[in-house]
Amino acid sequence: MSSVEIEIVAYIAKDPEVKYTTTGAKVLEFSLPHENRKEETEWYNCAIWGEKRVDALGWLKKGMGVFVRGELVITAKDGKIYRNVNVDKMQVIGGGKQEDDSVPF
Amino acid sequence: MSSVEIEIVAYIAKDPEVKYTTTGAKVLEFSLPHENRKEETEWYNCAIWGEKRVDALGWLKKGMGVFVRGELVITAKDGKIYRNVNVDKMQVIGGGKQEDDSVPF
Amino acid sequence: MSSVEIEIVAYIAKDPEVKYTTTGAKVLEFSLPHENRKEETEWYNCAIWGEKRVDALGWLKKGMGVFVRGELVITAKDGKIYRNVNVDKMQVIGGGKQEDDSVPF
Amino acid sequence: MSSVEIEIVAYIAKDPEVKYTTTGAKVLEFSLPHENRKEETEWYNCAIWGEKRVDALGWLKKGMGVFVRGELVITAKDGKIYRNVNVDKMQVIGGGKQEDDSVPF
């Protein structure tokens, strides 16, 4: 058995969007850009699952700084790489401090 | 600016190999398997750079359990995904405890 | 708001013990030693809460290597420091590999 | 052998200070507050060592959000607990984004 986790510290690139899966599950999606050593921008497409969490994060906005930990799911299509993160933990840390910016994880 | 790191806890699949780049740099390579949620095995090809480190890790063997943190570099070729990790920190924790299993990071 | 987490990679010093709080909650306790830079041994007293988790971890033994992440609660009494960890995540990685060593977190 | 690391995501409480040890080593000090479950504030006194690093961090200010990883050194005096962190990695993520907020680690 083994464990793999990714940890990202970055700014939210644009306002998060609430989406629904075909089975009706609610998910909050946002992207985190990261400039790698080659000065290319990698995009991490983050998803927060669970209706309670999604509803509690209505204040999450573009430009906020976050620490995110989760499971990285990679896919490739036509030579392009897609990086998806199922978020297990998130801590907001800047760019729009709230009265209560706690995240219900 | 941003930071992305991957953390893996897994068993070394086979004996590490010392390799040399075309410019003569010494690197220690080994692979860590991880079974994901879909029960597919993902392979993390780890590289430890630096002659001193490589030389100090001659005792690292197949079957040892390790915690590894580093930079994840992903490439795709013919629809296949390759996961490479430049190791920043490693801690050996099982399957062949040594008198001195410290890692010179 | 803020977040603080401790991450430990170490060997379990002696067999874990199941205990009960005065309110009847079940907890699994074990200790992880860490030799610090001054070559003193620091002890991290780990606690895993939740009846299901505790019951699923009957195979956890002395000598196994683990990665543990959690909340660190420090107390001091008569000049002595006590380090307690409420475990949020654990991955067993050596010294007694099991058929199924998954941890129900 | 073992490894213990602490990871903190928090706001810098007041402007960092440059100090010198009795042997002339330069160190940058700042504090990160964390409210624990009992709603007490724990203070993490962070130290960044190395003249190059210290000199490169002149722009670090009160109110900025940071992710910090390092070694936790705990002391106790008269029943009071002191939490000191030797910083190994830092990423600034909010409250004063800079043109270049890279940290030379």
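Some points to look at:
Note that the chains are named A, B, C and D in the order they appear, and that numbering of residues resets to 1 at the start of each chain.
Note that a residue touches a chain if its C-beta (ideal position, glycine included) is under 8 Å from a C-beta of that chain, and two chains touch if they have at least 3 such contacts.
Nothing here was measured: the structure is a model prediction, and the numbers come from that model.
Relative to chain C, the chain whose mean Cα position lies farthest away is A. More C-beta pairs in contact connect the chains of A-B than those of the other pair, out of A-B and A-C. Distance from the chain A centre to the chain C centre is 29 Å, each centre being the mean of its Cα atoms. Here the CA centre of chain A is 26 Å from the CA centre of chain B. Under the contact definition stated at the top, the residues of chain A that touch 2 or more other chains are 1-3, 9-11, 67, 91, 93. Across the complex, chain A is touched by residues 1-3, 67, 89, 91-93, 100-102 of chain C. Put simply, chain A touches chain B in their complex at residues 1-11, 32-37, 42, 44, 71-76, 79-81, 83.
Within the complex formed with chain B, the chain C residues making contact are 9-11, 64-67, 91, 93-95, 97.
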